[in-house]
Structure formats: structure tokens, C-alpha cells
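Across the two complexes that follow, chain A remains constant while its partner is chain B and subsequently chain C.
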Partner chain A sequence: MTTGFQRCGEFALALLLLLLCAAFRRTLEADPVTHMLVQLPALAWAGWLFAGVASVRRPRLEAAPTNAGGGAGLLIVFFGIVFWMLPRSIDGALTSPEIEAAKFLTVPFLVGAPLRLSWYRAHPILRGFLLSNALSMLGVLAWLYMAAPIRVCNSYLVEDQQRLGLAFLLVALSLAAIWGGRLFFKPDGGSAGDLLPDLKANGSTSYDT
Partner chain B sequence: MRPFLAILAIALMGVTLIWQVTDGARAVTAEGARRLHAVERTPTMPSPYLTDMSGKTVRLQPDVGGVALVEFIYTACPTICRYAGDSFARLKGRLAAAGLAKGVRMFSVSFDPLRDDPMALSDYAETHGADGDIWKVGAPAVTDLRGLLSGYGVTVIADRFDGYEHNAAIHLIDERNRLVGIFDIDDIDGVVEAIRR
Partner chain C sequence: MSMTSTAAPSPQTGAVKVAMLISGAVFVLMMLVGVLMRAAQGDLLDLDPALFYQLMTAHGAGMVGTAGLSGAAIMWYFLGRHVALTRWVFHIFLALFLLGVVLILGAIFLGGFGAGWTFLFPLPAISGGAWDLGAAAAFLLGLVSIGVAFLLFYLEAGRAMISAYGGLGNALGWPLAFGGSTENAPPPTIIAAATVTVFNTLGIVVGAAVLVVSLINLYLPEFAVDALLAKNMIFFFGHVFINASIYMAVIAVYEVVPEYTGRPWKSSRIFALAWASTLLFVMAVYPHHLLQDLVMPGWMLIMGQVISYLSGIPLLAVTAFSLIVYLKGSDIRWDLAAGLLVLGVAGWSVGSVPAIMDGMISVNKVMHNTQWVPGHFHIYLLLGEVAMAFGFMAWLVRGDVAQSRFTTLDRLGIWVYIAGAGGFTLMFLISGALSVPRRWAVHMEDWLTQDRIATGFAVLAVLGALIFVLRFVGGLGRSSKA
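== the complex of A and B ==
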């Protein structure tokens, strides 16, 4: 069980993440690598933490029957990620204050938070499937950004796009090494799908059956 | 609500959202959307005055009953604008050969009016064979620049070599000053075909 003190800490960290993402908006967004691989994950992480805190205050959140098996929540996450993977959305965030504001709301609350509320309810095979798909998707994007003759964002240089592709490739390889490594070196350290870092709350490790 | 219904509702909403924001899965990039909207919505473009290579003031618009081809450049550009200039030169030749040159105006518009004075513009015109009649090279007033670029949807960003990168393209403007087509710089056939119609 996590303590109230830890909860406070997580809530403060989530707020801090949101604040830092907003305060260093220009700097982070000047480069697509920090925009995609620092700011967006940090916003999602903030949402993840918020959901953890919220589900302590309202335990029914985590056990909502509507989200049995985590399917509904993970589908929200899926569409949230698809939307923010469209180069159009990224360009839009840079040129339109409305889309930028939408990013600060939707990435925490339609990606990070539902992921936190659904991930551990999902069947390990579903989790494994999603993780492997995330890896292959990163790989395809990496290849696309490095090799495609088109410029996907009007707001970023072609050179930056290629660097982003390389960064995606490195992230994909690192995640593959970490996730794959855990299977080999910690075979009893959890079920196959239970491979996210130890951010579990309430000791709730069992998935819905 | 049952999980199945929730999943169904979310799937419907999600697909609708993605369908909406990609113009029916036809444009995933801002540039793709810009080109699609040009064809489908034919938005009216700003037509500011330009200072051309001979120092004269010209309006960025087609002649009565004609069309205009507009591209954005900056004369200090080492790469894509050189290429754009060559492409415009070939295009001018092709239009003349096809008997379509009459009624067509070509504009190479600088988005760097501070550096592109008439001298720089005329150097550029000379290099690429812009005659100043059918094909003019000009720069807007600094105060008109922002509105002009945002009207066309052209995003100019600084590169790391004291220059710029932008979504370079050839814009086709009809007689009512509406943007009716956007073509890749090297899509000369596409432009000629569109003008013929």
C-alpha cells in the first residue's frame, strides 16, 4: 500500500510536470525531438500520476465495471495517441493556441490517465500485444522520418525530422532491450505483459478476468 | 454501462474524430491539408503590392481574365529556391511552347524583403531568366509579409545557416484571385495541365 505522503508527492510531481511543460513550452517545442519525446511523454506521465492519486480518493474509478478488462480505457488511449501522432496535429499545436491548449488537456487526461486506470486491468496477452505494436510502430515511424523524401511538419526542418527518426529508433531499441531483457533475466518478476516500470499503486497487480 | 457498449461508443467517436481531423483520411500533414483545401475550398488570397526587380510597384494578382503562378523564395537561398527558380524557368518555356503564356503571370515572391532589395531581386531574375514581363520577381512590404504568408499558408522557419526553410510549392491563382491548386516545385506537367483546363 502506498502512503498518503507518497500520494502527495505524486500529486506534486504531476503538477510540477504540467508546469514545467507549460513554462518551457517554447524551448521544448523548438525541437521535434524534445517536443515528441520529452514534452508529450511528460504530459502523459502527469496524467498517469493524477489518475493514481484520484483512484485512491475514489477507489471505484479503478474498478469501474464499464472499463472491465481495461478495453474502454485503452481504446481512449489509442485514439489519443493516434491523434497526436498525426503530423497535422503537431503542426497545429505550434501554430494554433487552441490546439496547443487541447494538447495540455488531452495528453494527460485522454492518454496518461486512462492508461493508468486500464493497464493493470488488461489481460497480459493484450498488454504484450500493445507493447509489441508500440515498438513496431515506433520502428516504422523512425524509418519513415529518416528515409521519406517528404517533409511531414511545415514547422520543423527536414534535418530535425531525420534526427527525430533516429531518436525514435533509439527509443524503440531501448524499449525492446528493456522489455525483452526483463523477460529473460527476471522470468518470475511478473507476467509477460506486466512490463511497465514499477508505477503500480495499491498493489493491484491482478488483471480482470 | 456494459464494457462492450462503452468500447463500441469510444470506437465510433474515435474513428469519427480521426476522420474529421484528417479530412476523411486524405490529409495527415498540414501541407497535405493545405493542398486539399486549395482545391476544395478555393480560398481568396491576399494581393499586396510588391516591389519588383526594376524597383516598380506591381500588384500580386493575375491580369483580368488570366491566371497567376506564385512561388515564394528568398534570393540568398542556396538550395530549394535555386531549384524553384529553375523550375519556373522551365515552366515559362513550356507555357510558351504550348501557347498558354498569354494570360499567365508568374511571380517569384521574396519572403525576405529586408535583404531582397531590387538589386538582389534583379540578380535573381537575371540568373533564372525572369523577363519582368510574364515573370516578375518581387518583394512585399515588411508590414504585408505576415498576412501574405499566413493567407497562403506558407510557413517560413530559420535554418542553421542564416537562411530559411519553407513549404515550397507552386500556387495557381485564378482570375478572381482564388487559390485553386498547389503543386510540387518540379510538377511542371501538373501546372501546365491545370492551366490548360
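== the complex of A and C ==
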């Protein structure tokens, strides 16, 4: 059970992440690898933590009937990710203060937060499918960035995007090892971490139906 | 609304019967396509070469897909005895599978796609006018649909096993294999199903990536594909998938044969170790498909050869040897199901011998593009996986075991099938040894005799298969009772 101390800690960590992303904005955005694979995930993580704190204060947030099975929230996450995967959006964030501000708002609150509020309500098979799909599509993205015959972002060089492609591949392999490993070696036996967090040893499951 | 759902394990007989009916019908249909191809090679039939390659593509994709479907149905049925499965997942699996089949058949017979089931880059994109991009895209999308179907299937199987056994490591029997702990040791079905779930999920994820890459490349060829990387990914996916179909089907042997022998198939430490090594070998051995790709790193080719030797040991030493031990001295009363399941293990074992030979670099240099290759994979599919699937079908509609009989028609069917499939595959091996090339629509005069003999044997195999399928259809109202 989340204690008040943990809640404060999560809130503080979320704020810290937002502040660090803003304070080191130029450094992180100077390189597409840190822009895409450090700043954007950190912003989403901040949103995830905010949603966790908010749902403790407002339990209805996590049980909203409009988000049955996590479908609505996951769709918001999907469109949020799709928008910020577009090279045009990344370019815009680098050249327009308005789009940069939108990034700092939408990635935490249209990606991280709805993900936290929807993930555990989704059926385990949907979760597994999304994670498997994320792995194979990270592999495809890696290829796309390494094989693209043109600069996909005006703000970054071809060599940069090729490094980004390689980084995507490393992320895919690392996530496959981490997620897969937890399925094998989870010590408590009944649960398998974020992949299948609510499976009980007696075969029952708990999620939205 | 959050709620808890608990279900007791119970096999999903109705849906599995539908899957096996589809499998049996497609097996026979695709065998007929095979007869047409061998007859055309033997100059007994005038077949346009373009149509030959379309039929070859349909035959390959159809047989691999149906082997997967029948294996999956067997695994789902028996897994349902041990763990609580979400039943609608199998319905979605079947629906997505059939959607994929429609797309693939449309691509081949409406669009003229004939690049072979392996869709090797850059053939789908460069057809020389034989088919357009839409046909290639439909074929690839069909494979994606089937891949998604299997992904959902394995996710549910994995979820159910993790839930019941507390992690995949336990379901794989690793505490038994590496610690010798017999406490809560999973039954053979769980160990086999968990192994297949792990390696085939990985294979499907890799396959999905290369399929999407190929689709993008179809329409945006300036996004170049590394041909060697694509081939590695395709053969990893393909090798793992077809092996999974056999490993899933063998679950029927573990579950059904004890009903005949009265001796339960136990999970011993050697059994668990064999499957643990299979998990590694089945994924590491795939470079033996690329022994003619000289640009491959040398260590990978050597690994492919060495692991080809090793991968036969768990198969031969554990499953086949255990089967002999269980059968020896048992008071088994043979019927069609028992006969076909035992035949399946025998065919699988025998087929691995020419396969291991072909996995040797020095042999492969000479034999790779000959009919030796279809020779070995037809043995362990036609006399292995397909025989096990037919055996499971016969068992599924067997009815009361006390009234089960090995009828004259059953005996005729099984012997006709063995003679037909055995002769047919032997002719492939003989033709391969005589350097007759594979995948050629038109054969030289000197090769026609083997082709014609093989056609005759193929007709016998189809007749045997037809008896099994008709017998299954006739018994659909019955269920197996121990």
C-alpha cells in the first residue's frame, strides 16, 4: 500500500524529472539519442508518477468507467506517442517555443499519466501484445533510422539519426532481456512484474473485464 | 470495473475440433497440390511454370501454416487439462489465422504471387512482372495476421502457465533440470508448451519485424534492406516456427500414449534437461539454413553444423527412447490413434537423420539445392508432425476406449499412408542424391522416372490421409473417453 511518505517521494521525483528535463533542455536536445531516449521517456515517467499520486488522492481516476479495460487511456497514449515519433514534431520542438512547451505538457499528461491509469486495467494479453509489438517495432524503427536515405529531421545530421537507430536496437534488446528475464526469474512466483502484475498463484486474474 | 475471474482447467474440445477439421482438410488439399507439382515435374501434366510457382508457394505456406495450426490446437487442448486458459483467445486465434489464409490465397491465386513461402528479399519486390506490389503486400500482410494470431495464442499460454506455476522458469521445469527438485515438477505437457511458448514468441517478434521492414521496402525501395540480415531474420523465424509445430504436436504423444500403455509419461530430470537444451538449440541452430551464404560469419556456420548434431540428442534420446521404454512390455491395444502417434515419433526421428547430414557444411555444399532437402523435411513433417496430427484427430473422436477398434479400414489407411509417404520421401532423397535440383518447374528427361514414381507414392499418401480425415468427420459427434 502506498504510504504518504511514498506519495511525497513520487511527487518530488516527478517534479525533479520535469525540472531536470527543462534545465538540461539544450544539452539533451543537442543529440537525438538523448532527446528521444532520455528526455521524452523522462517526461513520460514524470507523468506516470503524477498520475500515481493523483489516483491515490482521487481513486475514481483509476476506476473511471469511461476507461474500462484501459482502452480509452491507451488510445490517448497511442496517439500521443505517434505524434512525438514524427520527425516533424521533433523538429518543431527544436525550433518553436510553443511546440516545445506543448511537448513538456503532452508527453507527461497524454502519454505517461494515461499509461499509468490504464495499464493495469488492460487485459494481460493486451499488455503482452503491446510489449511484444513495442519490441518488434523498436527493431523496425532501428532499421528505418539506419537505412533512411535522407535526413528525417532537419535539425540532426544523418550520422546522428544512424546512431539513434543503433540506440533503438540496443533499447529493444535490453527491454527484451529485462521483460523476458522477469518472466523467468520473478522470485515471488505468483507475479511477473509489470508484464502481468496481478496474476495470482491460484490461477485467478484481476483486471477489467 | 475491476474484477477477479477464476476458471478451472478444461480442454476446449469444440473449438479444437474445428481447428483440426480445418487442418485435416487443408492437409489433404495441399497434398493434392503437391501431387500436381510432382506430376508436372514428371511430365504427366502440362502445368504453366508460373502456375507451378504459385502452387509451390501455396503448398509451402499452406503446409507450414497448417502444421502450426494443428500443433497449436493440440497444445491448446492438452494445456487446457492443466491450466485455466481464456477461451476466447482461441477463437480470435482462429479468426486471425483464417484472415491470413484468405489474404495469402488471394495474393497467390488472384495476384499471381509465387515467390515461395520464405518471401526472401528482394524477390517479393522484384517479380519481373509476374505479380504486382499489391499481391506481394497481401501475402506479407497475410503472414502478419497469422503471426499476430500465434502471438496472442502464446501470450495466453504463457500467462496461464506463469499464473499456475509461478514463472516461466518453473513451467520450463528448470528447478527439476538444474536443481533436481521434484517438488511441484510440471508435467511433460507444461514443460513442452512452455519451451515452445518462449522460443516461438521470440521467433514471431523477429518475423514481425522483418515482415514490416519488407512491406515498407515494397513501397519505398530507397529504404534499403540488408539482404543478409533479412535472410537471417526470415530463417530464424521460419526455422523456429516449423520446429514449434512439431514440438507442439508431440504433446499429444505425452498425453495420449499413457492412456494406452497405462504408464504415465513422467517429467524426469533428463526430460527437463532435454527440453531446456532444446530451447537453446532450436534458436541457435538456424544458421544451418545459410551454409551456402559465404558472407556469413564463419563461427555462425560452424555453430549451425555443430548444433545440428546436438539438437538431435534430446529428440532421439528422450522422446523416442522413452516411447520405446513405455511401449515395451505394456499391454497396449493398438488402434488408429496409437498407431499414428507412434508413427509420428518414428517419422520425426528418422527425418532428423538426413536433416543432420544436410546440416554438415561439406554435404550441404553439394546437396543444398537438390531434392535431398524436401526429402528430409517431408519425412519429419509428413511422417512426423502430420502423422501426429492425424493421430490426435483419431483419438479426439475415438469415443469410449473399451469400444475402440483397429478396423480393417484403419489398418488399410495407415499402411497406405506409410507406404505412400515413405516411398514419396524416399524418392526425394534418391533424387537429391542424384543431384536433381529442387524448386524446378520443368525437369530434364533423365529425372522423369523418379518424378513419376514419386507421383504414384504421393497419390497413395493422399488416399491414406483422406481416410483419416473422413473418419474424423464421421466421428465428429463423439469425444474421447478414457
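We adopt the following convention: the second predicted complex is superposed on the first by the 190 of 209 C-alpha atoms of A that agree within 3 Å, B and C clash if a C-alpha of one lies under 4 Å from a C-alpha of the other, contacts with A are read in each partner's own complex, and residues count from 1 in each chain.
Criterion: contacts are C-beta pairs under 8 Å (C-beta built on N, C-alpha and C of every residue); 3 or more make two chains touch, one makes a residue touch a chain.
Since we're looking at a predicted model, the values are computed, not measured.
Colleague: Once chain A of both complexes is superposed, is A:Ala54 in touch with chain B (first), chain C (second), both, or neither?
Modeller: neither
Colleague: Once the structures are superposed on A, label A:Leu20 by its partner contacts, choosing first (chain B), second (chain C), both or neither.
Modeller: Neither partner.
Colleague: Pick one for A:Leu86: touches chain B only (first), chain C only (second), both, or neither.
Modeller: First partner only, chain B.
Colleague: In the superposed arrangement, which partner chain does A:Ala68 touch: chain B (first), chain C (second), both, or neither?
Modeller: Both chain B and chain C are touched by A:Ala68.
Colleague: Is A:Thr95 contacted by the first partner chain B, the second partner chain C, both or neither?
Modeller: First partner only.
Colleague: Once the shared chain is lined up, is A:Leu157 touching chain B (first), chain C (second), both, or neither of them?
Modeller: Only chain B is touched by A:Leu157; chain C is not.
Colleague: Counting touched residues of chain A, say whether chain B or chain C comes out ahead.
Modeller: The larger set of chain A residues in touch belongs to C.
Colleague: Which chain A residues contact chain B in one complex and chain C in the other?
Modeller: 65, 68
Colleague: Okay, in this complex, where on chain A does chain B touch?
Modeller: Contact set of chain A toward chain B: 65-69, 71-72, 75-76, 78-79, 82-83, 86-89, 91-92, 95, 150-159.
Colleague: Which of the residues in chain A come into contact with chain C in the complex?
Modeller: Spelled out, the residues of chain A in touch with chain C are 63, 65, 68, 121, 124-125, 128-129, 132-133, 135-137, 139-140, 143-144, 147-149, 176, 183-186, 188-190, 192, 196, 199-209.
Colleague: In the complex, go through chain B and note every residue touching chain A.
Modeller: Spelled out, the residues of chain B in touch with chain A are 1-3, 6-7, 10-11, 13-14, 17-18, 21-22, 27-33, 155, 157, 159-160, 165-167.
Colleague: Would you pull the chain C residues touching chain A in the complex into a rising list?
Modeller: Its residues touching chain A are 1-7, 83-84, 86, 89, 148, 151-152, 155-156, 158-160, 162-164, 166-170, 172, 201-202, 204-206, 208-209, 212-213, 216, 222-226.
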